[in-house]
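Below is a structure I'd like to ask you about.
Going by the order they are written in, the chains are A, B and C; count residues from 1 in each one.
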Amino acid sequence: MPSIDLIANVVIAGLLTGLVYGLMALGLSVIFGVVRVVNFAHGEMMTIAMYAAVALFGAFRLDPFIAVIPVAIVFFGFGYAMQAGLINPFITRPEHSQFMLLVAVAIIMVNVLLMIFGPSALNVQVDYQLESYEVGKILFDKARVFAAGMALATSAGLFIFFKHTRTGKAIRACADNNLGAKVVGLNVKHLYALTFGLGSACVAVAGCMMILLVDVTPSLGPGYTLLAFVIVIIGGLGSMPGALFGGILIGVSEALAGLFFAPSAKSMFGFALLILVLLFRPQGLLGRKL
Amino acid sequence: MSLLEARSISKSFRGLKAVANASLEVPQGGIVALIGPNGAGKTTCFNMIAGVFAPDSGEILFGGKRIDGLRPDQICVAGIGRTFQIVKPFAGLSVLDNVIVGAFNRTKHLSEASRSASDILDRLGLGPKRDLPASSLTLPDRKRLEVARALATRPTLLLLDEVMAGLRPTECDLMVEVFRELNAKDGLTILLIEHVMRAVMALARHIVVLHHGEIIARGTPQEVVRDPAVLECYLGEETEV
Amino acid sequence: MNSRARILLSVLGVVLVLLPAFAGNYVISVATLILYFAFVGQAWNVMMGFAGQLSLGHSLYVGVGAYVSAAMFVNLGIAPWAGLWVAILVCMALGAAIGFLAFRFGISGVYFALLTIAFAEFTRIGFDHIEWTGGSGGLFLKVAQREQMDLLNFRGPPAMYYYAILALAAGALAICAWLLKSRAGYYWQAIRENEEAAQALGINTFRYKMIAVLISSAMTAVSGVFFAFYYNNLFPEQIFHISRSIEIILGPIIGGIGTLFGPILGAFVLTVLADSITEVLAYFGVEVPGIKQVFYGVVLLMVVMFLPHGIWPTLARKLGVTKS
């Protein structure tokens, strides 16, 4: 039976990682919740962001916290373009068509990454990755704390945007009532693209943070996509706090499962939880009733 | 003899009472129209009869047996067919195949279902279009398809939900003729929700008026048209006689 | 089916039956692969194309079917012909459980798809820890002499496997053709088009959706058994992986969901495409890992964008085989 200190450390680490997961899921929640597109390429986008951070670090010694800015901007543009150019006509098409479109995009993304970077694991090496803060017997990895902080800050920024800016409210209007939004003159196509761009930017930030915590390989994509969906559904579609909360829940349960069972079993919890939530509380733990 | 009898049925949605203690009766072989302003609760009544949801209280009897709480497919098997206010054709299937689906309610064999479906299509004037995809039909034809499909299930009672909406007066008259014939020759009992008064006055032998979830008048068309309560709430707003 | 279609189908049938007589082992193995994907794609098509339920976790049934029959063979010495039935029953039970949970609780569309993915993933990780089936290290069947045909244990030359999968694929085609023309077939299409309207016409949608799931999972189980005894090794990471599930559905989607020949055409196009790409790239000396899949992705993208109903409907019209 592991000691309380060990458990506490593991839980804290899981919580901090969970916040980064939460940010990634927030991006999906925004996309799925507003544009209603099942972004099957979400995890692949995350992986691309991680590679971007690796590349910028390798070329310019850019700390991921600084690399975040260019990567997020590029991702925003890319997301906007993808929605406006590629995905928009698919909104009225049957669900499986949409799915397959993004599956195709995901396949292309994963394998282009494979072609460019090869299959071996890559990472960044910054000094503070080896340091930690000590509070009593608990160790807080500096990298993890900073990453979690960035995730929180970005989420907060997004909250404020949606709650207090006109554009944010316009986007929420589209999500609530597509036709009504059009009737009052909102440019829905542009707002959808904007939303996809914002969601992509979230993923960009999350990816740049994640590379501080784990190594990246091209095959991480599908796992992250699933994880994002699990978190969004558990936390509740349409609930931004839900995404963060779900992220923390998954982060902590993953960490604990890794401690008490085998490390490879950690994702099983997430899936079991997903199945239970889908069956008994499909609106998620914090979501609005469907 | 009542074919359909609703006894004091009520339905609330999140605290809002949509239908309150409504009772109505449809005699065997009769044609009854359920009218009332928008939001009066007509479709809610229909949906309770058709099994989409169960009434909160009250009973619904069909041929003397209780049907409240049954599933929509069980209601159809029992002999009640229905159309939808917003038509729901099987867009990817041909017109004939749409009706065959309905015809399978009474037979397991494709040949028999196909014959039955063909006959009904001819009767409704859709025969020449039988091999076209349902998605290519105009609205009036879609409405006729919807009716044909419901008829293919060989109902004893047909529920028509605003089937005349969007039809031109001549098209409306054609539909009325079809229903009159089905009622006179085949003994089909009909309960219809309708806003188009032209059709109501031409078809219905008995009218029930619903307002704010309650029945405020019932009687023959002549009686209802003169009823002060009805005139006050409904006929003052919009008439197309 | 019009006479043109009948002729084409007969010609195809003759060619397929005679193939091993004039083709080398390489062609036979490619043909076996095509037929395998045609078979399992057809099985998936029953659930999606017929009943409209998008399953993205079909690798679950392939894997469980494979593992059940293989484990029984390796650990208990039970011949595949008996193990086959156990595999089918187990997979049908799994399908029934998933279907029941989904339909009872009203889970559909993308949520249903995610549910199927969750089950497949859960099982993948689970099998990593089951010792009786070899865990993550894998389960291996002894590869006996390939020249001798041991039908009882389903070991033999490539031609034997080819004929087996040909029979399965042909059987699946026949079953699906028969189903489509039956009352169940019409009812499924109705459910797929508009479930509410279907109910109003007397269709017990729950029952028919369940039947589609049961048939689909049973057929997929059989493909799993074939897979196990053809490839002779099983790894949870591979056989339950989501890429397997996606592979399964690529054929029907490219060929045409809900059609009879879509899955077969799709399987053919994909396999031939994949092989040609490899050949062309090898010719130019390009050996980059992942480039083949990029082409896959691009083809899929093109089909989804420009031929949403798949290749078969357009091709069928051009060939003149559809009734007009």
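Basically, a residue touches a chain if its C-beta (ideal position, glycine included) is under 8 Å from a C-beta of that chain, and two chains touch if they have at least 3 such contacts.
Remember, predicted model here, so these are calculated numbers, not experimental data.
Computing the C-alpha centre of each chain, which chain sits at the greatest distance from chain A?
B
Report which of A-C and B-C is connected by more C-beta pairs in contact.
Answer by contact count: A-C.
With chain centres defined as C-alpha means, what is the inter-centre distance between chain A and chain B in Å?
Result: the chain centres lie 50 Å from each other.
Indicate the whole-number Å distance between the mean C-alpha point of chain A and the mean C-alpha point of chain C.
Measuring from centre to centre gives 32 Å for this pair.
Return the distance between the CA-based centres of chain B and chain C, expressed in whole Å.
44
Residues touching two or more other chains, restricted to chain A: which are they?
Answer for chain A, listing residues that touch two or more other chains: there are none.
How about chain C: which of its residues touch chain A in the complex?
Per the stated touch rule, the residues are 48, 54, 56, 101, 105, 107, 109-111, 113-115, 117-119, 121-122, 125-126, 128-129, 136, 242-243, 246, 249, 253, 257, 288-291, 293-294, 296-298, 300-301, 304-305, 308.
How about chain B: which of its residues touch chain C in the complex?
Contact set of chain B toward chain C: 50, 71-73, 76-77, 81-82, 84, 88-93, 97, 100-102, 104-105, 108, 110, 113, 149-150, 152-153.
State the interface residues of chain A toward chain C in the complex, per the touch definition above.
On the chain A side, the touching residues are 38, 93, 95-97, 99-101, 103-108, 110-115, 118-119, 218, 222, 226, 229-230, 233, 262, 264-265, 267-268, 271-272, 274-275, 278-280, 282.
Quick one: which bits of chain C touch chain B in the complex? Just the residue numbers, please.
Chain C residues touching chain B: 181-183, 186-187, 189-190, 192-194, 196-205.
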